[in-house]
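You will see two complexes here that share chain A, one where it goes with chain B and one where it goes with chain C.
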Partner chain A sequence: MALSPIDSPKPVPAAAKALPAKAKALTILNASTSSPSNASTPSSEGPQDLSEQLNEQVRRNYVTGSRLGEGTYAIVYSGHLRHDPTSLVAIKKLKVNKDYLDGLAPDAFREVRALQELSHPNIIKLYAVFSTRDQNLNIVLEHLPRGDIEGLMQNKSVSYGPADVKAWANMLAKAVWFCHENSILHRDIKGNNLLIAADGEVKLADFGLARTFSDPYRPMTYNVITRFYRPPELLYGARYYGGAVDVWSMGCVIAELVLRHFFLVSNTDIEQIDAITDVFGSCTEDVWPGVSRLDHYIPPAKDNIKRPKPMIYWKQHFGMLGDDGIEYLKSMFVLDPRKRATARQVLDHPYWTNNPKPTPKELLPQAAGGVEKMAEDLKRRGGEIEEGDGRADKVARKLNFADLKR
Partner chain B sequence: MSRAAQRSGAAPSKRAQEDGDMCPVCKSARYLNPDMRFLVNPECYHKMCESCVDRRFSQGPAACPIAGCKRTLRKARFRTQTFEDIKVEREVDIRREVASVFNREEDDFETLQNYNDYLEQVENVTWNLINDIDVEDTRRKMDAYKEENRRQITRNQSNAAQEAISRKAREEEDHELTRLRRADARREDELERQEKSDARKGIINKLATTKGDAASIAREGRRAELKKSSAQRVALDKKRDGDVFSSGTENGDASSAFLFKGLKKRVAPPPEKPYDPYGGWSAEKEYFSQQDFYDWDYLSNARTDPRYSAGGYDINDYCARALCDAFSGFGVFIQDEVSGRDLGSTPSMATTAAAAVGGERVDAKMDDVF
Partner chain C sequence: MRLTEDEIYRSSTQFRLWSFTPEALASLRATTNSTATQRVKAAVKRLRESRNQSETNSEAENGTSTPVIFNREPDCLTVEEEMKVVEAFCGRAIVLGNVLEFPSNVIATGVQYLRRFYLFNSPMTYEPKSIMLSAMFLANKIEDNKMECADYAARITGTTKEQVLAPEFLITQALRFTFDVRHPFRGLQGGHMEMLAIAQGKAAVLPYVEKTAAEFQQEMLELPTQPGGAATKITQRELEKRLNAATDKARDTLKSSAIQSDAYFLYTPSQIWLAAYLLADEVLALFYLSSKFPGTIDAETPTGIAKLKIVATVRACAVLLAPDPALQKLSAEEKEAKRLEEINEVKAIHVKLRHCRDPDKMDLVKLNKAQKRDAGVEGKLEESVAKRRKLEREKNEKEADEFWGPELPKNGKKA
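Showing the complex of A and B:
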């Protein structure tokens, strides 16, 4: 393979700016070897200091290829290892964020930090991080060319059955369990953050909102998780929460897979509470002791206390899962987060070992979409929804006039 | 009319005429009854006419009416003769029966030599049965073998049936493919002719409208035509190559009766394991065990105050993490890692010390850390 003098097709500023602390911080993340602290300030033309050299080494390993997509937050390129053109990667190049000129944007930092900790077949792999000469942070991620779960769910030309849903749900549950087992909350689980690898494996991606959890007395923000997937405790403004928030989102994704449309839909946070209570009943002290102590809790009117939907509703809508499947799905939707199943309890449920057996990943149905969809998903900022309020937008984009003519 | 009778008519010899045209039981001749059919029973292969069979065996099994035979025959087994020579008829029957029991294939054997030995043994059995040598002994042995290898035999039978089906399917597919190819070729010809005439028209048009060297325009047109047709041919060939696929067949298997050497051992597929929802991963803590309650004032508030717990915050998560942070380093042996990383170079004082400390603590019992 011919070596090009420039590593990436991206424009390089004429006079390369001095690499400040950013590159150095990165190399400490990347390199496993010790880094003797070099107090001398790096100069642009003189010999590079160690951190720059290490950064350069990592950068030289990868060849950036064609551009797959661009968002306001990041550009996604396809790429491959320099010595092995068959090993594809996705390179997510973060744009310089005006708010954080002197350091890393928190979401980029969160993503890198979480993914460095996690190595599991159902979690997107982080290969390396490097910075290019124009001060951009590049995150080298696994190449996942088969679209995402939301695309599958909405694509009516793809048909799937209970065994396929079980296989996808299991891969999701494994990913969530592994995150929690390593004390990381994902906090943005939804269909289009679940990408599908070339071999059919579902991988949890977009750790831009992830954080470690479980320090006592340390408040966390409740303004996380895309609204349709947000659990009631976050809607009520809980600042101390745990893995139960991800379990609720996971339940939403599995419910969507069965229903083939979004499960709990609304336009505002208040309406989201209504959407939840319509199905699961009102949140009162009886079903959820202590709920009235949450910051944004609004007690339901005395004459308007809703009751949870009866079993017949579940049988009608989620009959595909079978009785054991409905039971395990409902265990993820318990209003009181302390009584909600943990990720471990979800995986221990007999649903997984009962019939039908989950489809092997090679045989799972696939949708077209592929690489563009991956770029679409990776270029988003953590927690970002596409412009507008999301729902109507997507509907508009999905209209295909070529199909209407027929 | 039976074939035997036909043949005997075609090549008349005195004996055949007598045998063929007269029933040995009722002595009626074809001359009187032109529709007469002769049947044989594979029990003794004595020939008799259809009406005799009806008369004698309709009431149930009866003895063969031919003098000196006395075998019990059943009506259901009477059939028309395929071969003129009754000996051949019998041999074919025996061979068919033996082959249905000894139905192994070459694939079942390690070497060709083993397979040939097997065939020889089978042929011995057949020969004995045909020529009435040791019939009882041979039959007994064969029945015993049949009993022992019943499953094996039925499997081979079904394999053979499947083979036949797939062969038929393959033939049909070949047929279809040739038909398609022919249609393609026809279409291609049509297209080519069309294009040729179009191109010629184009050249003529060009000659009529542009001013230039007539010879060069004609040459150019012809070259473009050639290029197009060759490209088409390549594309078609490619398309056809993509369509072809092959199918394999499963090997038979073997066990060890009748003493056939060199049978292949059949490896049964391992039984399917129950599905593991964790996918083989485990997060069991090796170096500590967590307790339900740790008496520490710092945590008590978070445990009891609903402000903290109502949102789903669980103090046990914190304990698990703190314990994990404290003890998960026990599985890491710095000494091994250092010696593995740079063989030869001496580790620094600090790493050696750390390794020593780490090594000591591994088996220390630590139930309650607080």
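Showing the complex of A and C:
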């Protein structure tokens, strides 16, 4: 790129005198090579490390704009690319986690690790990570200004139909499938982790609880996934599980979209099992071989074996999906995780190609909510549930590793 | 819908950011080395100058002499010496991981972090021991092998929690905030299961391969024990034994030389496990590879070229993983002598390293604190400090003006 004659440097003293603003701009431009003036810390002396230089380059690509929201875990700013102010991003600046004393918090690592590997239209895009001088991580994420799926589901002023639900569900299913193809479990799928982009595309976000599939015989924690979306095997304390846990959560989100209220609701983990068995029947060795060996399993009383809801229940509540839709939805709710549909099987279902065809994303109904909603959703820590939204489940869930050692 | 393993691997950060050609790897190391050398020399020069200044002052009084080290240019490490040091600490990391009973993926991840870190940093700048301890702790965090940092530090003599955590941020930055490391362990396990299925006559035969599972099994039972050896006939049980032995041997290679070499930078996980298997049992490895191709292929066709290329790449990787053939021929005493020689060599480099450490980066704990302290005030406090300074400056100028009178107009211009 050639400099225009106007921009070309003039003899130094005159230029510095005449154009102080320009001189300042030049110093900033040169700041990345070395900053001898800033000698307050030892690290700023001498040439920078290669890694410091790389970080500096990344940092300089973005301009941080106004503050959109602040939570206990992060501050979310709007921002844009330095060379293109129209390309918006969200910059999530992680705060130092006061509860975690062993260095940088693991949920930040989980999120960055997973998103660095995943590049898919239905997963929030991680553009870059950089650090500022105070050793805070800044995660540059896709700008998703149109609220989330939970907001849509609850906003009664927005009306939508079967084709719209099919479109949203399909984008969710693709996101989950892609995570699992990449051997990543999300472990916190729910409506307010599904954000909506300016073009209507649904994006799975919040990978603060995500991890790679465990090796066989290596236990994982069962204390993941927000309760309403948690599958029975985790409620029973299963330590070996796979993609089936995310598929259950996905089923819950789709069911909520149809019902326009939360599907399986309870106040405690025990009650959550009741909420599940009320609809799907008791978990017994007959329907789920091996269930009684799970640590927290409580067998139902002999005279109180619940039966799954009959087809009429499904037709009444989920008729919007059609018969094929009811069948595919039920396949995500099979109690035995080994018989539950996989994300790939869900995508292979004829429901998607049957009529009605999913609504093109540009034509999908929209809700207000906008940028504030994005900030609200992004500033949470993985598994944390915002307070004061009238929901019973306000517990910020932490991974309990102590349990694993038993 | 289905993604191929190639597509998945190509989207990984390991492929996008941490895979190199041998030339690129060498040039990156050279750049890192020269940057660090410059830095050390500049820092030593600065120290020497400030010392000389105080020397001249004090020498006038009592005439003491300067310490030797600051009188000459520091003798910095070469790229090769740096690599030797890093390699030695990779070895120590493996020992540490085994003693503390970390899972093998945690050890392998930690060692890769160490190697990745020293692509962009020199041991002259950051001392490998503290980086190694911190990288191993970080690997536990990333691979969900939870442990308290205090417990970890307590199990390593002479190490505090602060020391373990101090370089963590430096490491995450040097890793370019990518933490996922793709290992060949699962690939090996998968290949083992596939081969076991062939041995049992239950092979999942690919559609374009015109052979039955039974034919595959028969062929496998008759494989020679050595490349180019005579065909044998063994029982299924004996074959399973052979498979288990080969997999165990390959796994040992993956846990040792695969993570201690540049293999992860130069090859994909599947190439690495196949190379390790090739070293363990060449006949089986090549048989497994051929089972993925049509029985008869023309070397001129794309498939034929691909097969030759794969075998060549796997063989090249195997050379990297294989123990030094010259070493193999030596007697036990000679080997021991060689080992001691190497230990002494590393020791000598360590002594040399002591004299060319970057004086600015000696105390990582202090450095980390300083950085955080400095930064903690970013924002409000810094603003107030800046404001105070500005006010002071203006006040001083004003006072000066009052005393000396206002500044005279320059260049003959009128004020």
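Details
To be clear about the criterion, the second predicted complex is superposed on the first by the 337 of 406 C-alpha atoms of A that agree within 3 Å, B and C clash if a C-alpha of one lies under 4 Å from a C-alpha of the other, contacts with A are read in each partner's own complex, and residues count from 1 in each chain.
Basically, contacts are C-beta pairs under 8 Å (C-beta built on N, C-alpha and C of every residue); 3 or more make two chains touch, one makes a residue touch a chain.
Since the structure is predicted, the reported quantities are computational estimates derived from the model, not experimental observations.
In the superposition on chain A, A:L347 makes contact with both chain B and chain C. When the two complexes are overlaid on their common chain A, residue A:S119 makes contact with chain C while staying clear of chain B. After overlaying the two complexes on the shared chain, residue contacts for A:P358 are found with chain B alone; chain C is out of touch.
Of the two partner chains placed by superposition, chain B and chain C are both touched by A:D215.
Of the two partner chains, chain B is the only one that A:G243 touches; chain C does not reach it.
By the touch criterion defined above, A:L294 reaches chain B but does not reach chain C. In the superposition on chain A, A:E56 makes contact with neither chain B nor chain C. When both complexes are overlaid on chain A, the residue A:R133 reaches chain C alone and has no touch with chain B.
Of the two partner chains placed around the shared chain by superposition, chain B and chain C are both touched by A:W177. Shared contact residues on chain A (touching chain B in one structure, chain C in the other): 177-178, 181, 212, 214-215, 347-348. Against chain A, in their complex, chain C makes its touches with residues 1-3, 8, 11-13, 31-32, 35, 38-39, 42-43, 46, 103, 105, 120-121, 125, 137-138, 141-142, 144, 146, 148-149, 161, 165, 168-170, 172-174, 176-180, 185-186, 360-361, 367, 370-372, 374-376, 378. For chain A in complex with chain C, the touching residues are 40-43, 45-47, 49-52, 54-55, 101-104, 106, 109, 112-113, 116-119, 129-137, 177-178, 181-182, 211-212, 214-215, 218, 220, 344, 347-348, 399, 401, 404. Interface of chain A with chain B (complex): residues 120-122, 170, 173-174, 177-178, 181, 183, 212-217, 233, 236, 238-245, 288-291, 293-294, 337-338, 340, 347-349, 352-353, 357-358. Every residue of chain B that touches chain A in the complex is listed here, in rising order: 274-275, 277-279, 281, 283, 298-299, 301-302, 306-315, 317-318, 320-321, 324.
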